[in-house]
Structure formats: C-alpha cells, structure tokens
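Both of the next two complexes hold chain A, though its partner changes from chain B to chain C.
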Partner chain A sequence: MQRLRPLQTNPEFSILHTDSFHEYRVENWHLARDGSGTVVRHASAWSWKYSLFPLMLSVSWPKVFAGSLARVLISLAAIFFVWTRCTQVIHETIIVLPEHGIQLETHKGLPPLTFFTNKRFVPYTILRDLVINEGIKRWDVRYYLVVLKEGTTGRVALEVCFPNILPHFPILLQVYQDLREFVSRQVPSTPSLPHTQPP
Partner chain B sequence: MSASLYNPSASVFWPLDCKESGYAFGWCNNNQNVVCIVVAGVIQLHTVDSKLREGLPKLLEHTQQHTDIADLGELQLIGKCTFYSGQRKGLVAPELEIGQATKYSIVFYHRHQAQTLRFYLMDTLGLEIDAFNVTSSSTVRPASGQKSSGISQHIVNQLNVASIINAAILDSLSSMSNATPSSTNLRRTTKSITARTSDLLETAISISQSFISMPIQVICNIHVSAKYLLKDVSLSVQQMDVRADQSAALLRQMAALQSRREGVRIEIYSMKYTSFFNTVWLILNDVTIGYAFGKFLCENHEVLSGMLKDAVENSLISWPQRALCWLDSWPAGLKLNTELSRFYSGTFVDLVDIWGGVLRHTIFPQLPNIIYIFGLISSFGALIVLTLHIYVCYAIAVLAYERALWGLGSLWRLFRGKRFNVLRNRTDSWEYDIDQLLFGTILFTLLAFLFPTVLAYYALFALLRLATILIQASLEIQLAFMNHFPLFALVLKLKDPWRLPGGLCFDFVRVSVHINEHEAAGAGTDEHFITTLIPIVENQPVTLGRIFFQYTRLWTKLASHYHPFRLFKSLLLGRFLVPIPRFD
Partner chain C sequence: MEPISIAMIADFFHPDVGGVEGHIYMLSANLIRMGHKVIVITHSRPPDRVGIRWLLPGLKVYYLPFVTIASGATLPNFFTFLPYLRTILIREHVHLIHAHASLSSLGHEGILHSHLMGVRTVFTDHSLFGFEDAASILTNKLLAGTLRNVDAVICVSHTGRENTVLRGELFEQSEDDPPRLVVSSNVYVIPNALVSKRFQPGLLQKSDTITIVVLSRLAYRKGIDLLVATAPRICAAFPNIRFLVGGDGPKLIDLLQMREKYLLQDRIELLGPIKHNDVRSVLIRGSIFMNTSLTESFGIAILEAACAGLYVVSTRVGGVPEILPEDMISFADPNEDDVFRAVSEAISLVSAGKHDPIKAHERVKRFYDWAQVAERTERVYHTVMKSEQRDLWDRITRTMRLGRYAGPIYTIILLVDCLFFLFLEWWMPREDMDFVTHHWNHRRFASATRGL
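Entry: the complex of A and B
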C-alpha cells in the first residue's frame, strides 16, 4: 500500500491502491506556475504571526468598556479569525469502492490536523456518467470533473469533484482515465471507451 | 496504467458488533455475475448440534414467512465463519468459507437494535412529506431494472432488518433447544414505545375531534362575500382550520403507528414516528403559547386598552394631522400650490378626523372588552381596523398621483412630437395639429406646476402604507414560522443523528486480517495477521437545508413579493401596494 505520485508536474496529486478501495488525493498546494519549483501553499499552518493576535486581544480587551459594542465586535472578530483558520481545505479526495460507488471527500482543518470532513457518496445505481467540462470561474476558464447522478424523479444532478481546489487538467485527465473503466463497467448505458496506452 | 484496476470480488456486509464464530446466515444477492452477501447474524457452533443443523434451513424459511420481509430475498445459510482474534487488540475481520465465491471483500455495517429506531437510508426523503405515502419501493429506484453489484436500496433494506431477524432466529433457536414452546418474540421486540400514553392521547383527541370538527367546518366555510370564505379573511379562523386538519391527521397517524406491531420495517416506522411527534409538538406549542398570550391579554385588558388608546391617538390620528398641516405650510421651504395644497390637506385632515371620531366614540369605549375577546380568540384583524383611514387616504392619494404621472408622461411625448402606440406597445413619431400642440402644452404646464404638491401628499401616505404592509407581513411570517417549525427534527439531529438519515457514506477502519502460513511466507512476515483498511457503511445525517426546506420555499416567495427594488419601483410608478395574496 504505497502512495504513488504519477505526475511530475503536479506532485500534489497522489494515488493509493488497496484491496478494497482506490484513492485519488489532491492536496491544497501546487508548484509555482512559472516553473521555478517553489511550493505555493494555500492552506497555512500555524505561523508566528498568529501569536500576535492573542497579544492584541489581551491588550485591547481591558481598554474597552465591559459590555460595550466594541467588546462584542472584538470577540466576533476573534471568533471569525479562528473559524477561517480552522476551516482551510487541506486535501480533497475521490475514493472509488469498486463494487459500490464513488465517494467525494473534502478535508478541512488547521494543517496538518483535520477537523471537518465532508463526504458525498454516489452509488453506482445513481451514477450515470463521469465528464470533464469547462466552466467560467470569475475571469478564468477552468476544467472540472463532474459526476452525473440521477435521482428518483429522473432529474439529473451534478456533483463536482475537487470543488474547492479545482486542479489543473493533467490531474483531471489521469483521474478520468482511471475511473472510466469503473463507470463503464458498472453503468451499462454509458459507452465503454477503448483502453488506450499513454503515449 | 498497464493493468486493469477492476478486480471483481464478492462483497460481504458484516455486522460490526458480531464477533462470534459459527454459521453465518443472511441474504445472497446475485446481480450480474457478482454476488453481494448481507450477513444478518451468526449462529454459534456450540448452540447447535448436528440434529439442529439439518433443521436450520427450515427454521430460516419459517422465520421468513412469519415476518413481512419476503420481498427482501431468501434468507439462507451463507457459510461458516471463524474469528481468529485470540489476544489481538482492535478490530479483527472474520475469515469466511462461502460456497459461491472464493474471493470476497468485507464491508462492515452497524446493526442497530430495533428499539433505537436507527436506520440507513440511501437517499434523502423530504421530512415534511406525508410518511404514509412512502412505500418500500418508492425510494431510489435503479433505472429500468438495472441492478448494481454493490450497495443499493435493496441491500440497505436488508441491513435495516438484520438486527430483528437475528434476534428472532436466536430466540427460536434457544426455544427449540430448550424444548419449551414459546411464541415468537417478534412482537416483543417490535412493540411500540409509547403504548400506554398513546392510547390515552388517542382517546382524548378522538373525543375532542368528534365534538369540534363539525362546528369548525361550518364556521370556516361561511361565505363572507361571493368569492371569499371566512377563513380567507380572518387569520384566527384560518388557524382554527389548520389545527383541526392537523388533529385529524394525528388520529390517522396514531392508528397507523399502533398497527405497526406486525411489521418490521424500521425506516417507515421511524419516519412516521418523527412526523407524528413533530405535529404533536407543534400543536402543544401553539396551544400553550396561545393560552398564555390570551391569559395575559384577558388579565391586563384595562391597562392595555389605555396604552393602546394613547398610542393610536398619538401616532395614527394626531401625527398624520400634524404632518398634513406641515405639508400645507411650505414644508422644508418648498412652495407648493396654495389652493391645491389647501384642498388636499383639508380633505385628508377631515378624513382622519372622521375616522378618529369613529374610533373614539364607538370603538375605544369598548376597547377593554374587545381586547378580552381578542385574548380568547387571538385575532390579527385589529391592525386592519385601526389603519383603515390610512388605507382610504392612500387610495385617494395614489389615484391622483398615478393619473398626474401618466398625464405628464403622455403630454411630454406630445411636446416632443411622439405618440404612444398601444397596438405595438412602443413610442412612434406623430404629426400633431397646431391646436393640439397648443392645448397640450398648456395642460402640460398646468400639470407640471401642480405635480410637486401631488407628489408631496402622495409621498406621505405611500410611506405610511408601506409601513403598514411591512408590519402586516412580519406578523404573517411569524405565524407561518410558528406553524411549521421543525423543532423535533432539530433536536433529534442534535441528540441522535442516526435516526434522521440523509444518505450514506463510507468510513475506513484499520482491521487485522488473518492469513494462513502460505501467504505469510509470501509476504515475508511471521505474524499471522496483516492490517488493512476496510470500509464501514456510515449514516450521513440530514442537512439543515433539508430540515428547513419549507422555509426556503416560503422565503423565496416572500422575497420576490417584498423585494425592495420592486417596492420602490411600485412607489415611483404609483401602483397600488398590496400585501402578499394569501391563497393564489
């Protein structure tokens, strides 16, 4: 059970194969896009700057009148600061259980600890297809991998994989090609693509 | 990506709390060519001798006929299982010998007792829908009969009844081996929790129902005018109607819950239970708050009537009159047309005066008694009665304003040489005669100079009308929220999220798996155990959005009607402001 990193240009993407499941994980950092090799992190662990906030809080607290609006605002600001630091996205994964379905997870917390996990499970009975699509995000066009699922009423809903990180295309292509055979085997209505070797 | 990742193997759903070796029994689901096995329980080796072993299949069949789970598949003996735990700490996976499959992968699941009312659900169902329309097949249905080789609603149903079946079989086994005849204990394990209290409640509600339902129906359906029934007009009568409907529904739900003794379907029972208690809580809450408020009003009706009198005099009678006098005398330095302004303010001051006189001489002396009656029936019509004069003045003002505005617009177009084409709904150029132009210009000048006066008086009453509508809307919103607040679901979500499922997810646990010596030598270890990760089926609690889905619907309707931009535009154009229509 070893974690592989198949892509040279995107080492934040790793794959884990076990007997009971396959995991495709994208962590919340990437190499700088200009090719210099520096690591750009989007989720920051505890740094020394964070220690200044309790200092500022303890200095400003007695200076303000008890029960006044300023104290309420200060405490709200402190809570908001703690909340934003503790709900940073650490990594997002797709876990494929070969007979049951696909589970999309998002792990949030204070790196490296995970506090919250959001899991969405799509069983093969609901799964209809797996698609890479383009979408507009602010001034940018991003590729995203989406799972199509059909509910009881026949209404088709989309579940975006890696919704917070939105990794770049090479990662999505790798995941798509790996997942293709699961989706095409389990969902007989989708056409099964011929399995091609990478060039 | 050289080798295929897909290695099909049978998946076996094993209950997490089952750690005995013996004979496993459950359901074998054959879909496509892959087998999916759900183990309901294990019969221990030492409780059966060889004589009973032959009787086991017959026992399973007998149990299956006794309950109503025939549509879940055939209950059968799966095979033998062994636990090699020994002194191993942590979870250990069983080793199975199954006839049909050599390769299998284990998925754990929680096997809950029947009394806890916990269950799995494949997909969320609306919590407000009538649980009585839910049948066992109306949840997730695979498209056109396609069956999956893994987890599906069928399997989830089996997981839910596993505990009951296990208890039943073990009971029958013990009764068989003890050779004492005992009736099956299915009834005891599935007995309703609220047996005695529910009987009491049921008799109370049915008695009150039989007395009150007929008069309430008659009252609610009195025709106030040709189109509207009484319950459309008065809020309190509507409340009575709603409560009567709810108590009738309660009786039906209770009857269905009582008849559950023979069934084993946990999920349907649990949902009915939840919705029943939600309704009970709502009604109790309503009755309690209504009674408390009514008592408060009745006891303090003198004091309240004095306060109300002062407040109404001050804010609704004298304030508009003072404001009108202010508008009459060059408000904020604006020179309004003197005659028109005198006419407007005179009219409105007289109107307000008349209504003030009506209030003062007929209603205010009766106010203590009226408040007493309101305490008894808790009506909101008071607001409409008190602000009737504002409604009338607003109607007049908006009439004049809208006509003036439209006239100005039309004459402005004439000024520029254009005309509004009603057939095509657009502005076209048009040749006017010279006398039309002259007359139009004179009228335009007249209207233009009178317009500020009309605008000033309209602004005052439009703002008052807006305030009245907003207050009325907030009262109605409060009422609607109180009627449908899902407190039971919220508290249940906090206390035991397992009882309110909103989907499935898989978690992974580290488990020790026993391997024989051949494999151990191949892996290069001397231990007979390797640790792997095995999935567990977990329940995902329903999200807050689903619990409050009725509120989001209500909110979107309200927001679209009372949107500030829309209100502002209606004010500017002089459209008549109405509160949200109650029945559309």
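Entry: the complex of A and C
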C-alpha cells in the first residue's frame, strides 16, 4: 500500500491503491516550471511575514481610542487574516470506491493541519460521464475535469474535480484514463471506446 | 506546405448565420482537411454559447466574454482583448492569425496585438464601404491604422480590392522619379465559393406563372426601396408574374405597406426569415432571382441562385459584374426604370425558354470551389510565413506616417500595448500556462470507431 507518484514533471500528484478504495491526490504545490526544480508552495505554514501582523496589532491597539470604530476594524482585519491563513487549500483528492461511487474532497487548513474538509459524493447510479474540457478563468484558459451527474429528474449537473487547485493537463489526463476504467465498468450505458493515448 | 496552426479571429461566427460566418467555417474545414490546425476566436453569446466548444470537423471555437453593441459587433477597444489573445496564441502554439471583416473589432485588435507574440497576420475584407459620410471617414481611418502593419490582405473581388486599398491606404510611394503611388504587393484577391451540391436545380415545371424570388436581409443596403418601387410596376405590366420574398429586417414594413397599397396580396408572397438549409427549397420555386442591392462586394446569394438554375437580375454595383458570365445575368443601374427594363428582359428570356437551369448549374459548379479557395489561401499563408517579420522600430515609423493626428495616436496605442504586454508577461508567466498538447486527431477517431 504505497503512495505512487507516476508523473516525473508533476510530483504533487500521487496515487494510492488499496483493496477497498483508490485515491488520487493533488497537493497544493508544484515544481517551478522554468526547469530549476524549486518548489513553489501555494499553501504555507507560518512564515516570518505573518509575525509582522501581531506586531502591528500590538502597536496600533493601545494607540486607538477604546470602543471606537478603528478598534472594530482592526479586530475584523485580525479575524479575516486568521481565517484566510486557516482555510488554505492543502490538498484535493478523488477517492474511488469500487461498487459505490466517486468522492471528491477538498482539505483546507493551516499546513500541515487540516481544519475543514468538503466532501461531495457521486454514486454510480447518478454518474453519467467524465469529461476533460477547457474553460476561461479570468484572463486564463485552463483544463478542468468534470463529472456529469444526472439526477432522478433528468437534469444534468456538473461537479468539477480539483476545483481550487485546477491542476494542469498531464495530471488530469492520468486521472481521466484511470477513472474511465471504473466508470465504464460500473455504468452500463457508457460505451467503452479505446483509451486515448498521446500521439 | 508544412502544416501550421491558424487562428481565425472574427466577431461574426456561428451560431449567427451569414456570409462571413459561412466563409470562415468552410475555409477552416478545408484547411483542416489539408492538414493544418485551425481554431476560431469569437465573442460569446450568453447565456449558453460561452467558453470553449468544438465544431465538426475538429474546429475548436473560443467564445470570449465580450459585450456586443450592434448586430453582433463588439465595441472597438484596443487593449481588453490582449490578455485573452496572448493566452490563447501561446497555449495553442499558433503561427498565424487570420482576421475577417472590417466591422469586427476583435479582428482588428488581433492584428494589432499579434506581433508582440511573434505571430503573423492576414486580414480578409468581405464588404465594400463608402468614403463620404462622417462614420465612413472615421472607420476608414481605423482600418488604415490596423492595416498599416498587417502581413497580407485578401479581398473577395477586384472591386473589393480597389475599395480596400483606397480605404486602408495600402499604397506606398515608389522610388521612381517622379514618385508614384504603388499598391502594396501583399494585397490578394481570392473569391468566395459555395457548395454547389446543396444548390441543385429543381424539376422543370411547365406553368404560365413566372415566379421572381427575392431572398435577402430587408435592409437599406440591400436596395429594398428599389424593390418596393418596381414591384407594383412589374405586377401591373406582366399579369403572370408572382413575387416570392424571403428574409427579415427593418424594411419589411415598407414591403407590407406597398402590398396593401396596391392590393397585391395574391401576387407577392412574404415568407419571413428563412433558415440557410431551406434556401434551396425556396429558390427552386422560382425561375428568376432579383437582387437590388445598392452595394455588394461579392454577392454570394446571386451565386447560389444561379447555381440553383435561376436567371439573375441584379443592379450593377460593386463586385457583382465579376462573378457570373454575361448570359446568366441581366444588369441594371440602381434606379427604378432601369430595374424595370432589366426585369422585363429577364421575363421575356425565361418565357421564351432560352434559359436552361440544368446547364446553368453545370457551369456554375465548375466556377467556384471551396477546396480551391483554401488552396489559394494556403499559398498566401506560405508567402506570409516565409517573409520577415517587421521589427518594432519599423512598425513605429510606419505608424507615425498615418497622419498628423492619427499617427501619434496609433503610436501611443502601440507603445502602451507593448507595456501592457510586458506587464502580462510578468503577471501571468508563459511557463505557467496550461499548454495544449492534444488536439482533435481525425485519423485516431476514425480508427477508434471503426471497430463499432
């Protein structure tokens, strides 16, 4: 039961195969893409820059009139700061439970501790298809992996996998190819076409 | 020629229907068949035609979020398109962009920004415009500013070429003594084409009534006023004539009023808007096609009608005299009396049975072909790719020569553009983009589905 990292260029992506489930995890960091090999972290544990904030707080708090609007604003700013630091995305995973369905998870917190998790489960009865498409995100164009759900009313809804990290295409292709096997095995309506291999 | 990646940029694309849209689609389809990679960049049609979609046969379309102001054209802004264009051109590894239509501000912006990414530019002009009124003077100067540094210009007819060269100032001083004005060598003429299989003539029917078909957007440019003036005269002079008018637009009211006034409800049938798939079925109901446009750079509707076996009556404007041989079309000056004369001539010709629809279709089939248009366009691309890119100083000096006020304005736009580009290179570095490595591969799709 070992955690594999199948992609050389994207070591933040790891796969875990066990008897009861399969986990595809993308952590919130990546290698610098200019070839230098340095790690670029998007979720950081406490750094020295954060210590400036309590310093500023302790200096400004007594200087301001007690009970004034400024104190309220300072406390709101402090709460906001703590909240943003404690809800950084640590990793996002797809957990495949054979016979049951697919679970999409987002783990947030202060690295390395996890405080909040958001889990969305898509049972095989509802799961219709798995698609990689491109979308416009502000000024950028990104690939995204999406699970198509069709409820009892017939309305189709989308669930984006890895919605916060939005990993690049090589990771999505790997996940897509592995997941297609599970999807085509469980859902009898999807025709199983041969895999797409890179040309 | 080696396969290259081409980006077609235009405001006018499907799901809107029209000549430019059809042209871009057919040209892209044929270029894909020849082995190139083609993508299309256009603006979105909310709420559901947004994002990135695929069209057969492997054509990726980017629907970008821009607000439209009038009839599908976006506002002419000079910088808001750069971030999207930079991301798309870099991630798709585009070599050349092809902008369409003078009224498309996305196309103009594409030409102004592409040199920053080292991408070559080609512009196709589909329409004729005037010179006299205030709007024309301003838009012609905008066009001249855009075409100052473009790599090649393609026009759809020789008349269109003259018009574009004059409007866009595509001429230079030659080195002779005394110096003359010489047209730039990078202006080409490649006509439109049509899919002749879709416009087969109908079965011959012997009947006394002769039906005149009019199919166009009912707008001022299309000369609906001429139709309104001449239709009652024709109906009065020839009792066996019926009119069939298809299309929609602001001038529909005038047609309805004319019909009421002269009590021609049984002689003039108004069909309303016609889908492009149904055009042929409407055309074969008639034997004469009437086009009263006041300006027409190519006239694809005329060609479709001639292909379907109808005899054409048209005003002698723009590029219309270039598209068909003399014996398939009657010309008229754009005034009532001459239009009446031409229609009378056509009616007598068709009544005497001197026009053979089948033979006409066979002739038109051989004139125009999309594969040929794509091949000629590919040759233009090849010439552009082989030529050298102008460097920044050259562009600045050429832009300054646009005019006393337009020159500095456009140069400032160019320089701010460069600064914005540098900012974007820092804000969104190239190496962090999600590059496209997998494109639609038709051979793999065919082999994958062969087993089914």
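One rule holds for everything that comes next: the second predicted complex is superposed on the first by the 194 of 199 C-alpha atoms of A that agree within 3 Å, B and C clash if a C-alpha of one lies under 4 Å from a C-alpha of the other, contacts with A are read in each partner's own complex, and residues count from 1 in each chain.
Heads up, the rule we're going with is that a residue touches a chain if its C-beta (ideal position, glycine included) is under 8 Å from a C-beta of that chain, and two chains touch if they have at least 3 such contacts.
Computed from a predicted structure; not experimentally measured.
Bringing the complexes onto one copy of chain A puts chain B beside chain C with no clash.
Residue contacts after overlaying the shared chain place A:101 against chain B, while chain C stays out of touching range. Once the two complexes are overlaid on the shared chain, A:74 sits clear of chain B and of chain C alike.
Of the two partner chains placed by the overlay, neither chain B nor chain C lies in contact with A:64.
Using the contact criterion defined above for the overlaid structures, shared-chain residue A:168 touches chain C, although it does not reach chain B. Contact with neither chain B nor chain C is seen for A:146 once the two complexes are overlaid on the shared chain.
Set side by side, chain B and chain C differ in how many residues of chain A they touch, and the one touching more is B.
Contacts of A:7 after superposition: neither chain B nor chain C is touched.
When the shared chain is aligned, no partner comes close enough to touch A:15: not chain B, not chain C.
Between chain B and chain C in the chain A overlay, the least Cα distance found is 5 Å. Counting contacts by the rule stated earlier, residues 198 of chain A appear in both its interface with chain B and its interface with chain C. Here chain A touches chain C in the complex through residues 33-34, 133-136, 139-143, 168-169, 173, 191, 193-194, 196, 198-199, going by the rule given at the top. Across the complex, chain B meets chain A through its residues 1-2, 4-9, 11, 34, 36, 105, 107, 122-123, 138-143, 146, 148-153, 503-506, 508, 532-535, 540. Taken in their complex, chain A has these residues touching chain B: 1, 17-22, 95, 97-101, 103, 119-121, 123-126, 150-152, 177-178, 181-182, 185-186, 188-189, 195, 197-198. Residues 50-52, 62, 64-65, 83-84, 87-88, 91, 424, 428-429, 431-438, 441, 444, 448-449, 451-452 of chain C touch chain A in their complex.
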